[in-house]
Amino acid sequence: MPINLYIFVALALFCIGVIGVLTRRNAIIIFMCIELMLNAVNLLLVAFSKMHLAEMGSAAPALANNGTDAQLFVFFIMVVAAAEVTVGLAIIVMMYRNTHSVDVNFLNRLKN
Amino acid sequence: MKNIIEYVWLVPLFPLVGFLLNGLLRNSLSKSLTGIIGSGSILASFIVSVLIFLDVKAGIDGPVIVTLFDFISFEDVSIPFAFQVDQLSSLFLLIITGIGFLIHVYSVAYMHEENSSHFARYFAYLNLFVFSMLLLVLGSNYVIMFIGWEGVGLCSYLLIGYWFKNIDYSNAARKAFVMNRIGDLGFLLAVFWLIGRIGTVNFSEVFSKVDSLSSLDLTAITMLLFIGATGKSAQIPLYTWLPDAMAGPTPVSALIHAATMVTAGIYMIARSNILYTMAPTTQTVVMVVGLATALLAATIALKQNDIKKVLAYSTVSQLGYMFIALGVGAYTGAVFHVMTHAFFKALLFLGAGSVIHAMHHEQDIRNMGGLSKKLKTTHLTFLVGCLAIAGIIPFSGFFSKDEILAAAFMKNPIVWALAAIGALMTAFYMFRLYAMTFLGKFRGTSEQEHHLHESPPAMIIPLVILAVLSFAGGLVGIPEVLMHDSHSLAKFLEPVFAESNRISVPHHPDHTTELLLMFGLMAVIALVIFWAVGKYKKYEKTAEENTGFARILENKWYVDEIYEALIIRPVNAFGKMLGKLDNFGIDWVVNGVGRSVQYASRQIRLLQSGQVGSYVLLMVIGMIVLFALQVFLKK
Amino acid sequence: MVPVLLILIPLITGAALFAVKQEATAKSIALLATLLSLALMLAGMSGYIDAAQMTYDQPWLGGINSRFHFALDGMSQLLCLLTTLSFPIIIYSTWNNQYDDSNRFYGLVLLSQAGLLGVFMALDALLFYFFWELALIPLYFLCSRWGGERRIQVTIKFFIYTFIGSLFMLIGLIMLYFKAGSSFAWSDFLNLKMTSGQELGIFLMLAIAFSIKMPLFPFHTWQPDTYEQSPTAVTMILSAIMAKMGVFGLLRWLAPIVPSATFLWGDNFATLAVIGMLYASFIAMRQDDLKRLVAYSSIAHIGLMILAIFAPSYSGIQGAMIQMFNHGINILGMWIVVNVIEQKFGTRKISELGGLAQKAPVLTILLVIVALANIAMPLTNAFIGEFMMFNGVLGSTATKFGLAYTIAALITIILSAVYTLRMIQRVFYGETNELTSKATDISFNVKLSLAIIVVGIILIGVFPKPLLSLTSEVSADILGRMNLK
Amino acid sequence: MNAIILSAILGVILMFSGIFLTSKTAIRNIATAGMALLLLANIAEQGGFRLFDVNTHNMLVFSKFGLLFNSIAFSATLLFFLVSAKDITNVGINAAEYFALIFFISCGIAIVSSFNSLLLLFLGIEIISIPLYILTGSDKRNLKSNEASLKYFLMGSFSTGIMLLGIALVYGAKASFSMEQMHSSINAGRNAWFYSGLLLVLISMLFKVSAAPFHFWTPDVYDGAPTVFTSFMATIVKAGVFIALVRLFDMSFVGSGYDWQLIIAIVTAATLFIGNITAIFQQSVKRMLAYSSIAQAGFMLFGVFSQNDFSREGIILYTLGYSLATIGIFAVLIKMKDYTFEGFNGLARTEPVLAATTTIFLLSLAGIPLTIGFFAKYFMLASAVKSGSHLWLVIFAIICAAISVYYYFRVIQSMYFKTGQAETEPVTPVFRWLLAGMAAAVIILGIFPNLVLQYLYF
Amino acid sequence: MNITQILFWFLTVLAIGSSLMVITSRNPVYSVLSLIVTFFALSGHYILLNAQFLAIVNLIVYAGAIMVLFLFVIMLMNLNAETEPQKNKWLRFAGIIAGGCFLLVMVAALRDADSRAATAMTTYGETGLIQHLGKVLFNEYVVPFEISSVLFLSAMVGAVVLGKKE
């Protein structure tokens, strides 16, 4: 498939994530939208990896060029995402414990 | 032994020493000691001056320059601290130290009421004045002259404000100082101009290089110098300080505001006569100003009732005559009149002082009268003075004033006519003064009458000496018409004015005209005198105010009020206004910057709303902007 | 070695004073230290120390090759002499003023002295900037710790105002640094090849800093407030010495380095200076607060120096240099008197005083002499300086408006007479009021300090030759660098 | 490499030390000793002595610059431990974990100061960020702390997303994550990917260093976090990210035939403006310091703006000076009972040493000569002047610097010129001596900055 | 229009549609579920691109672990539709506009990259196969791999710190 298609799809997903972050008030939803952004990036990376593979050919000696590292990068992104989720949900739960709400609009003790 | 002229620095040195002694030890010295130091120092320098004068009279080739040390010197300009002795300066030395000495002696008695430290302060000031005056006349360049020039101004400030408790007196002192300062700046500017054009201020070099100056430069320089002179010598427009200066002790008025300081202007112009001779425009201005001043002051003097004020205005008007003389190029006449005027005006002031002393500081002549019986010597000497100033032959005033009038006539009969009118007025107000003071019957309070007494000898003797001088002083300058080749003063001063005389030859009217004018005028003057005496002998104190013209004269043509309204008030208002502007204008702007920053701070901090949503929104907008800039504007 | 010692003595003593607890000892130590530096300075000038010792040059920052380079040429000597002479007088004349934790007070005073001396001796731009600030910081603390009731906001304004100026100067110096091939040496800054645009930029950056410091109208508004609010001892430092930093800067770091820009913009600054002189003099006439009066008069006097520098000629430059010294000691005298009055009567309002002459004749006489010097009476030191400056302005070949400037400036001489005499009259003459009736004459320390100043005034006024010969060489040099010789 | 591995190991050790050791003092000492060890190890590596021989396949390169920075960061952390370790253990209940996290962060810093592959940059940033989310929220009972933590986390992971998108695009263009490839020639059409990607990465980095308009998290987070961790975040962490940013620029942006100066200049100006202007109005010193850290970041951005040796020296000096001063101020701030400006009134009377040292630190932040802060600013300005373009930025910067004087000096005014009874926690003499030492260091480095800079060259 | 394209478009529409559901649906639970759908769609894409390993990991990690965790938390807090109030209208509007602009800008920035020709190889190429990736991961990428363990450690510690009751 033409790479541009993938790019646009990924961007679309990414921006949907951004819009979600901008429009929702529920911390968890916002967080989910961020995960969506990450996944958009993953798709993009995989697409690029295959694009480079297509260009270089599988016989290409240097690992740099046949797109393997992109897929590994995706793997690392997932790792990081998992870690983030652990921490993030912990924070949200802690917040909920204290305020019984996950509404970010109530987060305005700190301002100015 | 070396020539005494080499020791000319002794002349100012003695007064300086006297000043230091009296000034520093004023709390420990006894009055008598103070008096001795004060008068003695002047006497010493008088003696030296006499010796110098004799030397000069014996004949010197050209002025003698005595350099003490290098005062200011930068680049190629060098201003030495040097004295110049020639006929002119030696003559002035005599006048200053001589009269100065007499007045010191007089003061010892006059000021005896003061407590010793103030007494010492008084003599310190007086010595300092003499010192500065001597610097003025001895200086061999304009800068040294300027030092003396400002120095005498300072001393007159100090002496006018001598009784500093009285705020009016110190106001008068300030007025005198500031007005002098205005003039002095003209002088200073002239000095800079000279340096800028010919790079020197030494008289000898300046006068030798005078040809290298353009006529514009000459006019400018001479005009500026003349401005200085108007300040010092109380000419229009800067004359109003002199009458107020009468706030000082009477001997001070005699010495500073009659005999010496006020003649500094005349001296200066006479000294730089060559410049003026080559700047006819300025000469005309000088003459006109002199004439105007002479008349204006005379008119005012007609209606004054304060004995010292009358004398003050007469001084102004006499100075006017001197400037007329300078204006028409009769330098000798000017100097001559300076000399005689010094004699009789000092005499008159000291006489007035004696009267005031007797009247316990009463100065209003309406409260006097008939003093001739009690104060005989004073009366006689005063009469001599009046006759001298009125110009009655053979009193000194006659000769000097006549010389001026003659010169004026040659320049322009109208000038002569106006000057003559002035002379008539002079005679009138002087004898009005005389009559109201000494003739008629006493109008003061009884206890004043009870205390009336002749002054002590220390005051009388100077009076007598001065009376003699003002009677005989004129004989050094007997005009050609009366006695052939007997104008010894002119001959004596000849070298100083040689150059000017060479450029513009002074010609005399033919003898018949001159005699006609001379005696015609004198006859009229005599009539005026009799009229005045007759009119005011039987003067009675009356309640009613002067009206019309008399009132204007009594109020001195309202000149002070006009100055007040036109200059002083606006300046003060301007100062106040600027003061406001500084606080609420410029400073407001400066603080305004600070305020606006704080305002911005208060507003911008609202961006920090605490809402994650808005934060992210702003971030995204920021990203969009950066992208727009980077990706699109750049391509 | 001399320069280093001159800086180290006050620096170390000042730092040490923070440890000293007894107030009296602190005071004495401070006085001794200042006297020591004065002695050193005099020894250096009188030639007991060989000339090689008068400069000091050691590497400092290898990376950006800036050096510890001090030198004492004529101008530096003059100003260092002023500094080292003023500080003992300042400390001694305010001997009876009570400052709480005075050890800190005098410590800071000494630190500022170190800074000032450094400014006057540094021949390395970065070093110059360093001391420029080092002189400022202690003064800030002095003002806002021991000052009047409005001190805090006034001094922060003063600090920020001057700090902006300094930063502009820093940028200017950095530009010069790169222009001079990565060197901060003053000698390398001379005759650089620059486009007029660059030169103008650098000129303005430096000129702003100096104008604020001096101060030049219209950058002066911090000055009266600060002078009014600071403790008088500090006001003395500010006006007697610190104001000279700016003028010094013009002569050392501006005019010789960017001559053509100085020439091009000379008239603008000269005009500002003249306006400022008239402006300040007019305001001074209406001031009721002694400190503000002296402050404005100081603006006027500094203005004349600025004028003489921006309408330059030999005698003008030299006059300005001499006048820096003269104005320093004269204004010092004025402040001492103000301080005495404030200490005695607790007020600085002219309207509340009067008749002091009866009670304090000595003070009156000394003040009158100082005041006469202030209005440039002949035979006082100020006359020499102002005479040469006026002469220089009128004769300046760099401007067409010499005559106009001279006349305008001469007017301020009249005005200065007016307000000075007014002050004397209102404060000292007339009858005493209930406040001044129980006044006494001055104590010995004030008498001595004023006497020293007065003697200096007269001596220089009568025999200015030493100062003239001291500054002749350097003024010729500066003028040469301005391509006007 | 020493630092990375060692810090990880030390982190684990401390993690478990919490289980075996009960006395907090012991933990403190282990942590301090560990940090000292870490510092030594790093210095050893500077001397060319490597403990571990790991083939990083050129994903990490250890340059003098990075190593020198490591040393600075670790010594700053050491100082931080020395002056504030007690306060760390006073936050919440789990002391050991905090230290462990701080060691992990150090590991992250060591990574970003030597990364040579976008992957490592990404991992490093994450290793720095995630523990910070936790430390911010570590004061669990405190709602402000929670709020700060959540805000930080949400916005932080958002910026992570941005960064990843950027990296993906860069990869698309260059077919590699390695920094060497960044200048490899590609068919021109893909430059757009490359530049857009770099820009996105840059933006996320700017977020991390709290540059306007991506600074919004900073005041809230710094304000909400426990003060002791604010101190750590505001100094060492920020410095670390800055080094990452500078290296990223050096290796990829510079010479990419593309003019980045304009946007950097705009961001710098915005940061300076926002930081300084907003700081003026603050009433709490802590929050003021948060804004001041933004302002300081603005100055540090000069190091990114003008890429030359001046800026490289400058950024080192700046991070050092800034960290020293800020750690010191925060150390004092922690001791204060009242964080508002009024809380400092009359501190000079009650605690002269604290007041004096704080003054020196503030002067350094304001960039007054004789403090290292001056040279830091000097190098930044000089580098900008040298780069020649955008002189307006320099002018703007100095005006902002002058503004900064206003709020820094407000503290000094409170301490010295205003009367009051500033209340502090009890302060040990050791603490005073440490502060005095730091102040001395600030001044000595302010006179001889070469003491540090020489390590850049040999 | 071969099978690949059909699949591509189908998956794309599915992904975008469900992701839109994520941000629009009022009820968090629905959001979670639709996000899971999105992930499935993406895994489909991966398979289409012959990146089988990632496809599986994506399903296991995301759709499996992470989203279940989310769901769990939401249930725990029993957030239902009513409990989530809406942002004020303008802010949402602005948010949508901003997001849209961002999309536009990005698209515009990347569009003209002349990569029309470039295509992503689908259904072929064994890079995505697990044994290949594994080799590379444990040779060249061992350092980042170890480093990521540090990341996990800190996350773990963090979870403990935040979760532990005081």
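Brief remarks on what is shown
First chain written, first letter: the chains are A, B, C, D and E, and each begins at residue 1.
Assume a contact is a pair of C-beta atoms (placed from the backbone, for glycine too) under 8 Å apart; a residue touches a chain by one contact, two chains touch by 3 or more.
Fair warning: this is a prediction, and the values are worked out from it, not measured in the lab.
The set of chains in contact with chain C as well as chain E comprises B, D. Placing every chain at the mean of its C-alpha atoms, the farthest one from chain D is found to be B. Chain-level centrality, scored on Cα centres against the all-protein Cα centre, points to C.
The chain pair C-D and the chain pair B-E differ in C-beta contact count, and the higher one is C-D. Farthest chain from chain A, judged by C-alpha centroids: B. For this pair, chain A with chain D, the centres built from the Cα atoms lie 26 Å apart.
Chain B and chain D have CA centres that are 79 Å apart. Once the centre of each chain is set as its mean CA position, chain D and chain E turn out to be 32 Å apart. Chain B and chain C have Cα centroids lying 37 Å from one another. Among the residues of chain C, none is in touch with two or more other chains.
The set of chain A residues touching two or more other chains comprises 3, 7, 14, 17-18, 21-23, 25, 30-31, 48, 51, 55, 67, 69, 76, 80, 83-84, 87, 91-92, 94, 104-105, 107, 109-112. In chain D, the residues that reach two or more other chains under the touch definition are 119, 123, 126, 130, 133-134, 137, 140-141, 151, 154, 158, 169, 192, 196, 219-220, 281, 403. This structure has the following touching chain pairs: A-B, A-D, A-E, B-C, B-D, B-E, C-D, D-E. Listed in rising order, the residues of chain E touching chain A in the complex are 4-5, 8, 12, 15-16, 19-20, 22-23, 28, 31-32, 35, 38-39, 42, 45-46, 49-51, 53-54, 57-58, 61-62, 65-66, 69-70, 73-74, 76-77, 79, 84-87, 91-92, 94-96, 98-100, 102-103, 106-107, 110-111, 115-116, 118-122, 125-128, 132-133, 136-137, 140-141, 144, 148, 151-152, 154-156, 158-159, 162-163. Within the complex formed with chain A, the chain D residues making contact are 119, 122-123, 126, 130, 133-134, 137, 140-141, 143-144, 146-151, 153-154, 157-158, 160-161, 164-165, 167-169, 171-172, 175-178, 181, 219-220, 223-224, 281. Considering their complex, residues 151, 154-155, 158-159, 162, 192, 195-196, 199-200, 203, 207, 212-214, 216-217, 219-220, 258-260, 262-263, 266-267, 274, 277-281, 403 of chain D touch chain B. Touching chain D in their complex are the following residues of chain A: 3, 7, 10, 14, 17, 21, 27, 30-31, 34, 37-38, 40-41, 44-45, 48, 51-52, 55-56, 64-65, 67, 69-70, 73, 76-77, 80, 83-84, 87-88, 91-92, 94-95, 98-99, 104, 107, 109-112. The part of chain B that touches chain A in the complex is made up of residues 605-606, 608-613, 616-617, 620.
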